[in-house]
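Each in structure tokens, the structures are laid out below.
In the two complexes that follow, chain A is the common piece, with chain B as its partner first and chain C second.
Our next item is the complex of A and B:
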């Protein structure tokens, strides 16, 4: 892996983060002239939480956050605070900082995204590879079209179907039909100290439906890509040679077939990252899963400006980082790229 | 000239005799299209699903009173029954007219995204692929950057800032999501132009003294048509995906019953916990239907454009 390759990738990462932060700073200001702090104050006044001296408070806020300064100064101030990891304070849950809120929610999102991608990627790639190889089981051929049909459907749409089937009671369901929870990540009102088995089971139960709706939609996508690559790989000379050398079929399948066909899948994963994360955000919101998605939704509902900004920024940086990691890992597992780079 | 046509007539007769599959290829564009329709099951299924969707809008719109989509036109949260086929929502809107009214709105947003996405994609893709060099590098980097940025995140910031009172109109919504639907078309078209401009027939055209514009419009464009069509459908799908996502978060048009907004209201009024399934299941099915339709059409067109894919499936 050469310095130029790493440099280009890191440069791309910086460009993505900088451009994204710039776009989300300027676009809303061009599109409207709302003042989130003033609006928040008016809202509080309307509910009787704040009666006198509102103007003073607004002015203090504007001074504190530099909202009264010219746009380019605000921009510089904003960039430097982002670099410092300072994402301001929640307007609703003042004085909790946005960073604290995000740190509380991020592990749930990371867990859900990581787990779902891993399972979907493994399941999809394995079944896709099997399908392209001679002697694929018939049932798998029958299942693939089902998953292919599910693959264009947004995750959170599948979430509704899963809720309909597995989370609400209908007359057609027999007694033993499983009912899974649809709200939150653990049972409401239970306080756990530490991670015992009961708590793990509770968390797993609550994650089944959100994770399934992501996995169901992704498996078809990975299977289709893997199948295409594996068909090409199966026709390669080195596979024929391996067969002639009398290597064990599972070794040819794994070491000669899958290992080579898997590489373009990783490129697809890097490209699909942003879509996957957008999808997961919506799934979290549907299931009230305590991750970034619910945080974002609550912030939108209450027009908690800084929280919206912070969540969006962290998501963008998260996706850019994941893409960078995949880009840097790629040459390590593909010698051809290593040499070319 | 006459000799030539006689010759082609002869040769096509020979081909007809030799194999049935080759037959369609030697015929006119229309019979070619017809051929693919009969043999491309994905494309056919997709087009049929689209026709069904349009029929729901056109015929359903005639049969069902649009007033039913307004609040308190029916009882509150009534399950499906003879009078209200798909039941009613919490505010007494009837679900069936709501769906018939809402589906075309969602499709319209997709149409904007398709048009803008493809238009920008064509311009950038052709400029990059044809001029190469620095321009190409810039276009490639910019489209890669925007592919990496989760567009839903950016759209959430924009939409939540603009949202005031009535929220966005359907048209504004369409334009906003369309502004981030151009990356994949640009990428695909650029790659195609890049490889096509090296092909022999472009070389011949250039040697014959054709100008750049003439080459683009008379040589490259016609050959790219299936790709362009597939890109258009792809941009539509990504636009609808973004729009439905924004709407489900409550950032869509507040007074228009788009499918995503219906989903938002159903969550807002607790339809999930109250088991008012008839409220959220129909819009979910319709949205899923739209995505499967677009996916089938895009895949079918892709296979048409890419004969190698045809064999492998």
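Our next item is the complex of A and C:
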């Protein structure tokens, strides 16, 4: 892997992030002239929390954040503060900084999304590969159509479905079945210090339904892709020769079959990343999961555009990083692209 | 003739497809002596590859070994369980594949792919011993040891085929099956690879079945030649016998279709098409194309005649009867 290859990929990464930041900066501001500061003041005035002249306060805010300046100047000002690692403050939850909000929410999203994607990908790829191979267990053949049926259903529909079955209709489950929480990431009102077993279980319990809605709707997709790739791979000459050399069946399946069939799957994973992330935002909202998705949703509702900018920026960096990592790792797992790289 | 390594009796391989049953191999008898070189020739679709695959028990659905026995040193391979058969593959019988271009796993180094074979057949030696083994194998097939560290896409076609030969001889098999091992290579490399194959084969004393179309190549390489037509072995004789005195009309046509030594006469082929293997008519399958067909040929299938030189043709049934 040459320096130019790495340089080109990293350059691409920066370009993508910058372009997306720019688009997301102007889009909401051009599309709507809502003024979140004024809206907040009106709210405060309505509840009697604002004593001095509202216009003066609004003007002071706008001056502080440069909101009274032309949009392109605001853009330059925003960009330069982002480069310094400052994402400004929330206009609604003033004076909390956007960075603080993101730091608080990010671990939840990373945990939930990272875990769900990995499980769905691993489960789907493995079962798809097994199904394409001679001697696949019959029960697996029966299960796949179920997942295939689930996969075109959007996450959020599946989420409602799960809530209905496991929460609304709790009487359908056996006695010993625990009531699965349908909102939040841990039990309301419990203060934990440090991570003990009880807290881990609490978090896991809360993640079961949101994670399931992501996993259930994705397994079929990965299984289908992998099955197709694996059928092709199973007919390759190198698999036939491996069989004729009397290699162990599990080695042929893993190192000769899956290892090759997995390569296009990984590309799909990187490509699907942005779709997955956007789908997850809705799931978080439905389950009131305190992650980036809910944060973004609330920010859009309140037109808190510094928070919108911050969250979208982080999501874009997340997706672009996934692609970058894949670009950099791919030559290591496929020797054939190594020379081109 | 020495004690046979491999004895095939009445081997039948059928493919059950929607249109019916394709009798790809239909009652083949064959003995291969220790260290013998047998060439298997015949037109495309005559069942050569299917025969080789059946010996490896590598016939995949919709195909099946519908009958017969394949004995390796007295053990009937048809009866073995799949795990038992796995230890025979690569160990007692090895395959040199036709399409070497794609016969190696693209994401594994040659070294690892060679080691896979050793490990999976229970060779458990120190790193250094294994290393020495691989280096020796590479030298045997005329490759530099540094090829071990390359990936398949970094090798030429000839080098890949040499690697597959190294894999084939790695466990000193009793029998090597080589299905058109050089058909994907250019003529010069073809020769070199064939010579390498013959060198290592004679070193380990393995018997070999060489499948191919090229009678010229067979003449140089084989001790005996078997001629297949429509899933049947129609003639089997020593190379000298086959070229000096071919007895089956099909064999004669095959030989006369060879280019002359000066290379002027081009390969001319044999007029007509082989019969469909779906519905084999009664009588001799070659009859419709046979220049010497007689009345009986359309009625009765000819028996196999002879012990060492074998032929299946009414021309010879009659001479014997007469």
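Everything that follows uses one rule, which is that the second predicted complex is superposed on the first by the 327 of 341 C-alpha atoms of A that agree within 3 Å, B and C clash if a C-alpha of one lies under 4 Å from a C-alpha of the other, contacts with A are read in each partner's own complex, and residues count from 1 in each chain.
Keep in mind that, in the parts below, a residue touches a chain if its C-beta (ideal position, glycine included) is under 8 Å from a C-beta of that chain, and two chains touch if they have at least 3 such contacts.
Please read these numbers as outputs of a predicted model, since none were measured by experiment.
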First (chain B), second (chain C), both or neither touched by A:12: first
Broader residue contact with chain A after superposition on the shared chain, chain B or chain C: B
Chain B versus chain C as contact partner of A:46, first or second or both or neither: neither
Touching partner for A:188 - first (chain B), second (chain C), both, neither: neither
Touching partner for A:334 - first (chain B), second (chain C), both, neither: second
Which of chain B and chain C A:248 touches, first, second, both or neither: second
First, second, both or neither for A:164, with chain B first and chain C second: first
Partner chain(s) touched by A:237 [first = chain B, second = chain C, both, neither]: second
Complex contact set, residues of chain A against chain B: 12, 15-16, 19-20, 23-24, 27-29, 31-32, 34, 149, 151-154, 156-158, 160-161, 163-164, 167-170, 182-183, 228, 231, 271, 273-275, 277-278, 281-282, 285-286, 296-297, 300-301, 303, 308-309, 312, 315-316, 319-320, 323
Touching residues on chain B, where the partner in the complex is chain A: 141, 144-145, 147-154, 156-158, 160-162, 164, 237, 241, 244-245, 248-251, 263, 267, 272-273, 275, 277, 280-281, 284, 287-288, 291-292, 294-295, 309, 312
Residue ranges of chain A touching chain C (in the complex, touch as defined): 236-238, 240-249, 251, 255-256, 259-260, 263, 333-336
Contact set on chain C toward chain A in their complex: 56, 58, 86-91, 94-95, 97, 99, 101-108, 116-117, 120-121, 151, 153, 164, 167
